[in-house]
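Order of writing sets the labels: A, B, C and D. Residues in every chain begin at 1.
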Amino acid sequence: MREYLTQNEQPRQVFGDWGVHYRYTYGVAGERFFRELKDHGHLVASKCPQCGRRFLPPSLYCEDCFVEMSEYAPVSGPGTVHSFTVVHESLEETCLAEPIVAAFVTFEGVTGGLLAPIKGVAPQQVAIGMKVQPVVETARPTHSICDLSWRPA
Amino acid sequence: MAGKVAIVGAGYTSLRAVSPEASFRELVFEAATRAYQEAGITPADIDSVVALGEDYREGTCICDEYVPDQLGAVQKPVHTVTGDGVQGVGMAWMLLQSGVADIVVLEGHSKASNIRHPAHVEAMALDPTYVRPHGWNPLFVAGLEMRRFLHDSGVTARQAAQVAVKNKRNALANPLAAYPAEVTVEQVLNSQPLAEPLTELAVAPPADGAFVFVLANAAGRKKCRGRPVYVEAVTWISETCNLPTRDWGRAVYTERAAARAYEMAGLKNPAEELDFVEVDDAYTYKELQHLEALGLTARGQSGQMLERGTFDLGGQLPVNPSGGSLGCGHLHDASALRALWEAVCQLRGEAGRRQVPKARRGLVCSWRGVPTATGGVAILSRR
Amino acid sequence: MRKVAVLGAGLTRFMRRSLETGRELCWEAAAAALQDAGLTLADIDCVVLGTAPDAFDGVHLKGEYLLDGAGGKGKPYVRVYVGGGTGVFMVPAGWWHIASGAFNTCLIVAEEKMSPTQPHPQGAFNAIYDQFTERPLGVNLLWIFSLEMHRYMQTYGIPLETIAKVAVKNKKNAKDHPASQVAGDFTVEQIVNSEVMAYPVMRLMVSPVTDGAAAMVLASEEFAKRKGGKHVWVEGVGWNLDTSYWTNRDLAYPQYVENAARMAYKMARIKDPRKEIHVVEPYDPFAYKELHHLEGLQLADKGQAPRRLEEGFWDRDTTTGIPSSPSGGLLGVGNPIAAAGLMKAIEIYYQLSGKAGARQIRRNAKRGLAQAWGDLMQVGTVMIMGVER
Amino acid sequence: MNTQLRGTSLREDDIRTGKALVTEWHPKIDYQFDAGTAVGQFLDGLKAGKIMGRQCDVCGRIVIPPRMFCEKCFRRNDRWVELKHTGRINTFSVSFVNWDASRRTTPQVPAVIDIDGTNPSMGILHLLGEVGQTLEEVLRRVRIGMAVEAVWKPAEQREGAITDIMYFRPVGG
């Protein structure tokens, strides 16, 4: 037994794994958004009765006015790429064979926007300001945000 | 008010990529021993403790359990802030101003090397409904921010890369730093792309280490012998963490925190009145974005000023003389304490080869990292 | 030290699993508190959030995730943390934001959404144990409580039936609480004969898994006076953290609770708490904890809280004793950890301002105390409120 | 107070039947913790069949689990001390619940065991064994204050972990 560890083989590590996983409800507003997406293929926004702005994704409350939002309406028209990035690493920090083009897309007259991958276009051809259309997976839906992607408009 | 608040002791460990010979307790004990010795106090003098910690990074659920022993703070009023070092200073400042404590200890550490799947851990911070299910490496948030910042400000990717060159070079003069190096702009730009335009050398690599500070109000200072560095202002602001409604190009949290801090410290022309700044540089572009938000450059001018050498050691306004997180290593929330330690060294004139001549007042600007829009500003002075 | 007033409070229902996300729960409680105070978010200078481990909601940097629901957007916002003691600790934290002179108004919000954790929320608690010398044993949460309870019972010779009466009392009190999740009329036999979880802890002596949120608005004296009316004031705050080497401690007595209480009593200039505290909300995630804590709070001698219980000293309708957990506590109302602690502080506010409705105690209460506890059975948080006299 | 509180309660069935939508997430939340100097060598000691504590010469305490500092005197403590393989039950529990809240038919008996040779007497968390298969049996055979001894894994199976001690059992069976 020593006062100091001075050689490579001396330090020990103890492994630990939390061993839990999670199941998240979508919430009052999220339930509405994903029902509309599932049943009608719409993206719905909520409207603040105080400031009048429309929010995407919809929310139970306006984060500025702090009042309840209970009016929902579909968002129409093409979206605009506000920013995008090409992701090369997985969650395990390994190199992805096929990089993902992740884009944040906004809609005219709507506060906020949605994050989803742009598909069917080379990363070099994506630019800020580019118009895109939402594509909703209907063949094998997951009823999650993974059902949403963008294609050039 | 209980008089000015001062830092009277600053303790540290060296920073390194891995630290297998020391447990987190042993790292903190080393830093605390230094801080208390410098302040001339024993644990009996400590009225309250503020610690920084986030459970998923510590690997411990309710990580505040493991704070007191290594600080000699068993059975004291101890609490943890899940916030950065500037927020920690803020809590200490309020405890001291309220008079409930005269001497407060602030602790933060990182054992980032112990996390086996760091991207999985950081991804847990993403909204579980609208963002996380995509399964993207959370660096994508920084990639989106960087692209939009470059687009809005006109700063170029080369200029952003220059931040890594400067900071890693500054770190060569910092004995604590884990990642000092001479690198070129080309090396930064051509390193492995992670979330374009972000490349590997544009990201501050994680490091292990610990910092402990002793803070005191006027009554507390009577019990301490350490050379005081005064906290002239401390502010913290959170913008929304909700990615869809945030500003992707600007650091609005820093703009607001800075405005309050300048008012609190009575600064009219901060670019003239500050002798150096330590700003968060978790990613290269963040340094420039934060400098613009601090109002220390006109919007869109940070890149050109950097190229002109304004922010170099020896420039008009040295930025990250310590080497920043890019040069020292990223300690998560304790990164701001690394910056605070640099500010204390500079203001005491103890920064050695990195000393900014006649440093009288400095600023620390923090950010809690992706996906947050939370950060703080602290202004420190010699008098 | 500036004086700090309570202007309003709000709660959500406490539920086994809520549809609402954590953010939505925060908003529901915070909006209710602002409404109670007659204020809007624009009147709030700063926000303090309390929530126990990230592992329940399953969100890292949970304070950041919850912030817009808690009203923190664009404001000085911070999450402070002392494990299970966090809920009551919101009051000390809000207090120093105002007492320091830094801010005039503070919204404090506490949230817990435990239901996302699978296979069971209890699993998240495994990682509270020491990662080197305890977790590899295959620990579970109930161990530490049953170990502490057994030591407490053994030291003072307390029968299981007496401890069960805490659950009977609190579940009954909770019948009048609008947030309550597990209220009801139970007999001592039902409690004692309920499923053995980890002896001596039986299923009905344990508070449930809960989702919920609570919020409170605090303000400086200047702000409160300008607003007018009679106010409840924060008179004392205390908190204390013991060693993390919990197996090295005396498990029969919560010294850290005593230390936290003494800090708060000193600030409130209380010399004899048994005379000067008129209503108390001690933390009761397990039945024995209420008794253990009443002793730590100096409201009963060591080992004597159970005897007082038998005498009815802690009953809600007592006129000579000190009503304890008139809300129904965690055993009756539910245990969304941080939110449950703040619910207890809120109960003191309701009792002192005469807003407790069917739960209003019969004693005329001028001063009350709420306390919480947590971590590895090592933290005590205390807050004392009083009305103008 | 307002008695019309908000909050929408769900039943497990609402989720199972798709009445309420959910997403699942299976993260990799795992760690390789640095045991460092004190605990690292404590684990080495277990591998060698020894229970080691640390002594502080100022307060005289001999502590377990060991640390390289004395938290009371706030100084580097002084030496390693080999403790006995025996101790006394400070408290125990009879647990029928697993970590995930599933139930056990035969109980685990966790205990705080004050290890002989510490000063003042202080303990560690461990399990009791050879004490029965039912609640009644365990309560009949185990008492707080009872002397117990460590039962070790065979030397070749030890790996330098707290589980190198399989459990503690009453002294003399």
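As a working rule, contacts are C-beta pairs under 8 Å (C-beta built on N, C-alpha and C of every residue); 3 or more make two chains touch, one makes a residue touch a chain.
Just so we're clear, the structure is a prediction, and the values are computed from it rather than from any experiment.
Participant: Which chains sit in contact with both members of the pair chain B and chain C?
Facilitator: A, D
Participant: Name the chain pair with more contacting C-beta pairs, choosing from C-D and A-B.
Facilitator: C-D is joined by more C-beta pairs in contact.
Participant: Averaging over Cα atoms per chain, report the distance between chain A and chain B in Å.
Facilitator: 28
Participant: Averaged over CA atoms, how far is the centre of chain A from the centre of chain D? Could you give it in whole Å?
Facilitator: The computed centroid separation for chain A versus chain D comes out at 41 Å.
Participant: Quick check: how many Å separate the C-alpha centres of chain B and chain D?
Facilitator: Comparing mean C-alpha positions, chain D is 37 Å from chain B.
Participant: Using the touch rule from the top of the page, what residues of chain C touch 2 or more other chains?
Facilitator: 17-21, 55, 58, 68, 73, 116, 118-119, 123-124, 126-127, 131-132, 136, 243, 245 - these are the residues of chain C that touch more than one other chain.
Participant: Going by the contact rule already set, what residues in chain B reach two or more other chains?
Facilitator: Counting only residues that touch two or more other chains, chain B contributes 20-21, 23, 56, 59, 61, 68-69, 74, 114, 117, 120-121, 123-124, 128-129, 133, 240, 242, 245.
Participant: Where in chain A do residues touch two or more other chains at once?
Facilitator: 4-5, 10-11, 13-14, 16, 18-28, 30-31, 63, 91-92, 144
Participant: Of all residues in chain C, which touch chain A in the complex?
Facilitator: Those in contact with chain A are residues 17-21, 23-24, 27, 30-31, 34, 40-41, 55, 58, 68-69, 71, 73, 115-119, 123-124, 126-127, 131-132, 135-136.
Participant: Over in the complex, which chain A residues touch chain C? Could you list them?
Facilitator: Result: residues 14, 16, 18-31, 60-61, 63-68 of chain A touch chain C.
Participant: Please name which positions on chain A make contact with chain D in the complex.
Facilitator: 1-5, 10-26, 28, 30-31, 34-35, 38, 91-92, 143-144
Participant: Per the contact definition, I'd like the list of chain B residues that touch chain A in the complex.
Facilitator: 20-21, 59, 61, 114, 117-120, 123, 128-131, 133-137, 139-140, 143-148, 151, 192-198, 240, 242-245, 248
Participant: In the complex formed with chain B, which residues of chain D make contact?
Facilitator: 23, 25, 27-40, 67-69, 71-72, 74
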